[in-house]
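Same chain, two partners: chain A is paired with chain B first, then with chain C.
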Partner chain A sequence: MGKQVDARGLSCPQPVILAKKAIDEGNFPVEVTVDTVTSRENVRRMAENGGCRVRVEEAADEFKLIITR
Partner chain B sequence: MRTRITLFFASRPGIILAGAVIGILAALLQKAGNPPNMGICVACFERDIAGALGLHRAAFVQYIRPEIIGFVLGSLIAALLFREFKARAGSAPIVRFVLGILAMIGALAFLGCPWRALLRLAGGDLNAITGLAGLSAGIFIGVLFLKSGYTLGKSNKTYPSAGWIMPVIMMILFLLLVFRPKFGEAGALFFSEKGPGSMHAPVFLSLLAGLFIGFLAQRTRFCTMGSLRDVMLMKDFHLASGVAALLIAASIVNFTLGAVRFGFSPQPVAHGAHLWNFLGMALAGLAFTLAGGCPGRQLFLAGEGDGDAAIFALGMVVGAGISHNFNLAGKPDGVVAGVVNAGGLPVEGMIAVAAGLAICAAIGFSMRENV
Partner chain C sequence: MGPESLAQVLRPLRNIFKQKDFPDLLVGLDVADDAVVYRVSDDLAIIHTVDFFTPVVDDPYTYGAIAAANAMSDVYAMGGEVKMALNICAFPPKLPLATISEILRGGAEKVAEAGGVLAGGHTIDDNEPKYGLAVIGEVHPGRFLTKAAAQPGDALLLTKPLGTGIITTAFKGDMADPSHLEAAIKSMTTLNRDAARLLRQVEVHACTDVTGFSLLGHGCEIAEKSNVRLRLRIDALPFIDGAEKYAREWLFPAGSCKNEACYKAHVRFDPEIAEETRMLLFTPETSGGLLFTVGSRDLQRLLSLFTQHQTPCRVIGEVLEGEGIDVVK
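Take a look at the complex of A and B:
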């Protein structure tokens, strides 16, 4: 279950748009992979403003945001 | 410690602080010698650099602006200190180059980028209102494209040295500014003796202000276009609060210094052709949105290793050359013996702005993925 979003290499604001779409679909947990700190912050802010919880896993040069309701 | 600083800059107070500092420094740079209502204008300053290099020969607007150099290098320093320097490139560079050219043509029709539009308003220039309205309209159209799946595709990680190219270009520009070598009898470099290009704060002040703003903006992701886009796209007022802080801070400093004069004409380096102020900024706003950042933000991204943003910025420099060589730029109002001599946009500029909007629309429609 859940939904995976690969937003690596995408420029602003596409990671946020893709993540928001996945959240709106409601298949939790939504896992969003990004590769810049900016995208990590933007996706996290959007998700938290929308009442979701966000956990971040950091791996080599990448961040995986696990978003749950 | 590093994490705590990062968290602060990502917070609401962080972005407000950055906006306020930019507003204050911009107003003070005007006091220190930069042209009126042009303490910082990314488009104008890139245009001045293009002029200094001889890419256009408009004699009034030629100077290597240290603020631009500082923006890139300040962002580079912040990115290195916080381990965010990341060389990346390859997301439709030719499209970004063209968007840079079009953004500059639009901005120079209005005579300013979004940063200067705010500073013009803070100085009482009411033409900025039509400009900002146009900017909003352009961003709104861009948001519609984004919602319908517009994307320029993914960038790829590349060699660190590739990420250093833009910072090195800036270092070379700085050396050219300091040593001012002459290349041939009538060759570059060119420095204005009259007009806006001749007006500038002391080099070290400009550079320091640029470095400081570059540092803050890299940490906070300050972006004028993004501020409106995020409000329209998801009612997120984070970046908008920073932009509002810039406007308020610059207004307060201007009032304190007695530098506010409300009205439409004459205003410094501005014209009152409302329709073209609106459409010029609409073109710029649309191009910024399709490219993912305002001209300042593109410089900050270039400083942290984003080669695609660097291409956009270089597109803007080339766009300045095209704009002035082909008579596309707005003509400011002038005052001759107490009589206002109204400026405006030449017919060539009108055609270019209309064509630019059509090209942006073609890019927006034809570069969509099914989301």
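Take a look at the complex of A and C:
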């Protein structure tokens, strides 16, 4: 299953809010795509602080965070 | 713009104007501060500053009042009084005139409350609204306050609670409780004037205001320019209700990351301090309080004055020898 979140073009805290909603829904893995380092760091740390594991894939100017519990 | 990029673009300007050619410019070129200070005569110096930003709240009147209080705060951080201000505006052509009127009224009434006069301004078209003030204040040329005069042994004090930045960010994400936003608005629209007046009753050493570079960023500036170390006690820091909750939910604005990247090399945290609390201390504030240092001789008298005038002020740490900031439990 899983859940995809496209947070490109959004500024903080929007990517964090969208990612958190997806995590709360519980359909893992949650895949969040962002396009700034700030968004990547904020989503990663929010998820890790909430007890999730995060793997980051970097491609072109985008980052995909694969969040599992 | 982050503090590092800002320093980079400003550096070349130093070659154009040399401090030695402008002996009456008391603060400005060599050591940057909250505002510039220019001596007009032996007993009068003017303080000049400018600040504007995009809306932080929905209500136009409140936005105007916050932007004005924030812009004038730099005058208070230098120990002066506001005399005159000009509007700086950028508004979308389709923004209703009634909305613009309310923004300007919010700003103008705040200038009036400060005892100054709003005497003019300039407006351009822009897609996103921007509003603020260019402000002129006055101070005695021998009595202005800077970030560069903290001394080991001083107490470190703060006059407003922290959390305006994260609460307004949470509000923009539709995640904020209205009562938390209301408390943040009350703090952001409060002038630092009363606090600045009380500071003049004693010998304050260093002073700045807490705004976009966060408590730790502005603290680092005091530490660096004064060549001292600051020790902040985490349990002594005042927060607006809701700020710590939104930090746990990681609702930080982009500015928190930028500030952290710029200043973290100078900050040492007790390992027991949670990551979200560290990030909260790197989070930009809007129209924050005065952050200042005072010697032990004046501390009790100053705290009594603040209590008498029902103006909040709290000891949040102390000044030591060394460099950077220690944040301890």
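General observations
The rule is simple: the second predicted complex is superposed on the first by the 69 of 69 C-alpha atoms of A that agree within 3 Å, B and C clash if a C-alpha of one lies under 4 Å from a C-alpha of the other, contacts with A are read in each partner's own complex, and residues count from 1 in each chain.
Heads up, the rule we're going with is that contacts are C-beta pairs under 8 Å (C-beta built on N, C-alpha and C of every residue); 3 or more make two chains touch, one makes a residue touch a chain.
Values in this document were obtained by computation on a predicted structure and should not be read as measured data.
With both complexes brought onto chain A, simultaneous placement of chain B and chain C is prevented by a clash. Look at A:R53: by the touch rule set out above, it reaches neither chain B nor chain C.
Contacts of A:G9 after superposition on the shared chain: chain B is touched, whereas chain C is not. By the touch criterion defined above, A:I17 lies against chain B and chain C together after alignment on the C-alpha atoms of chain A. Look at A:T38: by the touch rule set out above, it reaches both chain B and chain C.
Measured by the number of chain A residues touched, the leading partner among chain B and chain C is B. In the superposition on chain A, A:R69 makes contact with neither chain B nor chain C. Annotation: chain A residues 11-14, 16-17, 20, 36-38, 41-42, 45-46, 49 touch chain B in one complex and chain C in the other.
Contact residues on chain A toward chain C in their complex (touch as defined above): 11-14, 16-17, 20, 36-39, 41-42, 45-46, 49.
Within the complex formed with chain A, the chain B residues making contact are 6, 10, 82, 84, 86, 88, 91, 146-147, 151-152, 154-157, 221, 223, 226, 229-230, 233-234, 236, 238, 292-293, 308, 371. On chain A, the positions that touch chain B within their shared complex are 8-14, 16-18, 20-21, 35-38, 41-42, 45-46, 49, 61.
By the touch criterion stated above, chain C contacts chain A in their complex at residues 169-170, 172-173, 175, 248-254, 256-258, 275-276, 279.
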